[in-house]
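Multiple structures follow.
You will see chain A twice below: alongside chain B first, and alongside chain C after that.
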Partner chain A sequence: MTAEEILTELQASFPGLAKSDAQVKDYPAWTVPAQSVRAVCERLRSKFSFDYLDVITAVDWSGQVNPKGYPQSLGQQGSEAAGQPDSQTAQPSSLIPHPSSFPQGRPAAQPAGARDIFELVYLVSALSTGVKICLRCEIPRKEPAAPSLYGIFMAADWQEREVYDLFGIHFEGHPNLKRILTPETQAGYPLRKDYEHVSDRYD
Partner chain B sequence: MTQESSTALKTGQMFINFGPQHPSTHGVLRIALTVEGEVVVKADPDVGYLHRGIEKLFEARNYSQGLILTDRLDYVSAMPNNLAYCLAVERLAAVQPPLRAQYLRVMVSELTRIASHLVFFGTFSVDMGAFTPFLYAFREREMILDLFEMLCGGRLLYSYIRVGGVSADCPAGWEEKCGEFITFFKPRLKDYDTLLSFNPIFKDRTANVGRISAAQALSWGLSGPNLRASGPDYDVRKAEPYCVYDKLDFTVPTGKTGSCWDRYYCRMLEMGQSAEIVLQCLDALAGTACLPAGRELPPGEIMAKGVPKILKPPAGQAYAHIEASRGDLGFYAVSDGSPTPYRMHVRGPSFLNVAILQEILAGCKIADVVAVLGSFDIVLGEVDR
Partner chain C sequence: MGIILDNLPKIERLPGGGIALTTADFLINWSRNSSMWPLTFGLACCAIEMMAAYASRFDFERMGVFPRPTPRQADVMFVAGTVAKKMAPPIIRIYKQMPEPKFVIAMGGCANCGGPFYDSYSVVKGVDRIIPVDVYIPGCPPRPEALMYAVIKLQQKIRLMKVKNGHGATPLQSAGARKLV
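Up next, the complex of A and B:
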């Protein structure tokens, strides 16, 4: 059964499911409303023998990365480039190039395509038939939440914890949703584009 | 990283921190164990001690600078990391590397697989109390590292595979040296079997320990030899052939019971298959293998034409994954048309391989924790990223 046929069959029960116009190269991509992610995956697993969850990850579409998300000296350099010179703390010579120092760097203003959403990306595959599908699910950046896939695919356990840790997206129904990669003292969610690094004793 | 309290224990239970500074955790992994006598009641693997924020660092570098970060993911087998990253970026930018570069890529990936599995063979045997195999393993690994040093100058972190091709063609005499190594190496696999694989003490310590069913392995997203030891023959090289794997002849070894010994032996068999693949690639480079009509692999043609120094792929998303030494390594790349990636996600196989420990360690004996953990062959650089 091809991905097309599966989509038509599923669309009968899940009207929100649609083909995504932003394709992930080589993989059929569908958009799915957040509330039906779990139900769609359950159906894919039970009826279409999708037995393997490759990836859960997220993308923050709110625009370019905040220079303050990088350690102090770089952040200062970045704000200077953005038009707020701070001659006392700026360290112009740094070994690591800053995004703003790259040729044709990102414009200072929000790019036209910036939207106030997180996008969750799921890659599921049926190993027996070789069909692989990318599910894309948009959720608001304010109080972001999505149903957990824990129990359907156990691979979701740590991957959802990772997304929670780095993006602050809450997965409803996950029994052990706590930070996994960063320490519990971590403030904020590092992979958000507006993340600001707070200096701690390791800087 | 999480904190674990030892206050919620019942009478007769004991709380043990296994790691993070423990030689058999192969890095900085902590497993919070609750034990009752010799039996593990609850195991909670705790990762993040090596977290460097690599996914964030990608967003501040351009595509060629990002390549050096990938070396530092799975530092025991860096070549496949380069490869997966380059495949993802090439997919974004629609770059097609020349055929010769693709053969070189496959060859170095397979040599890395041998080198990486040799580290596993050596360290796993030390974990199980046998010191001798370690010395043999590192003798052979040294030869592969010498080959890589001739090829690109690096012995641990290579950055050899670049977006659009590879950084250098084989130097004079490299192919002969590589062929000599394979000739030397293939009979060594029999030595390893005599040394360790069928040693009764070793088999007692590993067979029937830490068994994982096929359904469990799939659900937890295991990949690589850890998955195949449980039965499923999922190998990205066969399922979604990349580079020239569809032109090469090799088999995918699988296990039956999913025990520690099966995971171990899958890797031993894989090394033999990798050696065969390297030989086929050498033949192709020398022009003796049957290539498609009119196709030759002219020396020096190792880079796709017209790949700019500052790459600006058109806006879009791409996912590329490969069969790295430890399993299914994937890169999810998002571009917004600028010179830096908008988002780069790494699917590290070891990250998912560690997660299953919480399920299978419960009920094990304490001594078996080392055997189970060793048999997974994790690299913490890839788990923590």
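Up next, the complex of A and C:
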């Protein structure tokens, strides 16, 4: 059974399911509403023998990329320097050229595709039949939450903890949703576009 | 005990043999720098070079460097690799578990100063932010020869240690370089 046939069969019970143009490698991509992610995966697992969750990751589509996440001493960019750092941490300007003197590779204006959403990306595959599918699921950036796949795929446990750790997306139904890669003292979610690094005792 | 006294400085042989005189500092330092036992642990790709140094081609053991599986038996810690902030508390802990006198060799750019991850949110900007370091090796990663050179440098440092400085500290350490933050 190919991915196309699976899609048409699933669309009967999940009308929100659609084919997406954005294919990830050789994974045909579908868009799926957040509330039916778990049901779709449950169906894929039970009926179409999708037994392997390659990865869960997320994309922050909130647009403009600026180096705010850098340490304050390096990250100031023109008028963008909102949180002015205390001067003790600032590097002596004679040693390191100021970033504003660097060529700016990224456009200053908001890119056309910028939207205020996170996009969850699930790559699932059926090892027995070799069918692979990429599920894309858009969730609002404000109080982001999605149903957990815990209990369907074993791998979902740590993958969801990683996405929670780096993006702050809350997976409802996950029994142990806490940080996995960064220390407990980490402030904020580092892979968000608006992440601003707060110096801790190790910086 | 198989010690070739003729080649050692500061050794005085009495006529008739059987007794050799030397200073306590020399004897203690000589035994210390002849058996520098490192703690077996690696953090990142530098650990591969460290393992190569232990293996037969470079044969670290001919210098008395023999990896120990527990910090209780270790004299020196090779910080071989990137120190993530999550790894910092365990490193401080095993450093505290090592008996005095203890030494630290920071291996590679990451352990020295954070290296290419200096701007990262998750990397300690040099292991000397959390524990005192005796020898720094540059390189990404340093070759096994560089690690051996660092051990030779540390042996030179140990030869300067004096018993009267308490715990046999080197001049730098007796000036307070050993204090943990």
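Here is the rule we use: the second predicted complex is superposed on the first by the 172 of 203 C-alpha atoms of A that agree within 3 Å, B and C clash if a C-alpha of one lies under 4 Å from a C-alpha of the other, contacts with A are read in each partner's own complex, and residues count from 1 in each chain.
By definition in this document, a contact is a pair of C-beta atoms (placed from the backbone, for glycine too) under 8 Å apart; a residue touches a chain by one contact, two chains touch by 3 or more.
Bear in mind that the values here come from a model prediction, so they are computed numbers and not experimental data.
Chemist: Any idea whether chain B or chain C touches more of chain A?
Modeler: Between chain B and chain C, B touches the greater number of residues in chain A.
Chemist: Just checking: does A:7 make contact with chain B only, chain C only, both, or neither of them? Give me first, second, both or neither.
Modeler: A:7 contacts neither chain B nor chain C.
Chemist: Figure out whether A:203 sits in contact with chain B (first) or chain C (second), or with both, or with neither.
Modeler: The answer is second: A:203 touches chain C but not chain B.
Chemist: In the overlaid three-chain picture, which partner chain does A:117 touch, first (chain B) or second (chain C), both, or neither?
Modeler: neither
Chemist: Taking the superposition on A as described, I'd like to know which of chain B and chain C A:190 touches: first, second, both or neither.
Modeler: In the superposed model, A:190 contacts both chain B and chain C.
Chemist: May I ask you to decide whether A:52 touches chain B, chain C, both, or neither, giving the answer as first, second, both or neither?
Modeler: In the superposed model, A:52 contacts chain B only, not chain C.
Chemist: Touching chain B and also chain C: which chain A residues?
Modeler: Overlap of chain B and chain C footprints on chain A: residues 69-70, 181-183, 190.
Chemist: Mind pulling up the chain A residues that touch chain B in the complex?
Modeler: Within the complex, chain A contacts chain B at residues 22-27, 29, 51-55, 57, 59-60, 65, 69-70, 96-99, 102-106, 111, 113, 121, 123, 127, 130, 132, 134, 153-155, 157-159, 162, 166, 178-184, 190-191.
Chemist: Show me the residue ranges of chain C that touch chain A in the complex, using the header's touch definition.
Modeler: My answer: residues 85-86, 88-89, 119, 121-122, 124-125, 129-130.
Chemist: For a test of understanding, state which residues of chain A touch chain C in their complex under the given definition.
Modeler: Chain A reaches chain C through residues 69-71, 74, 181-183, 185-186, 190, 195, 197, 200, 202-203.
Chemist: Taking the touch rule as given, give the residues of chain B at its contact with chain A in the complex, in rising order.
Modeler: So the residues of chain B touching chain A come out as 1-3, 47-48, 51, 53, 55-56, 59-62, 65, 91-92, 216, 218-221, 232, 234, 239-240, 310, 312, 315-319, 321, 328, 330, 332, 334, 336, 338-340, 342-343, 345, 347, 351-352, 354-356, 359, 384-385.
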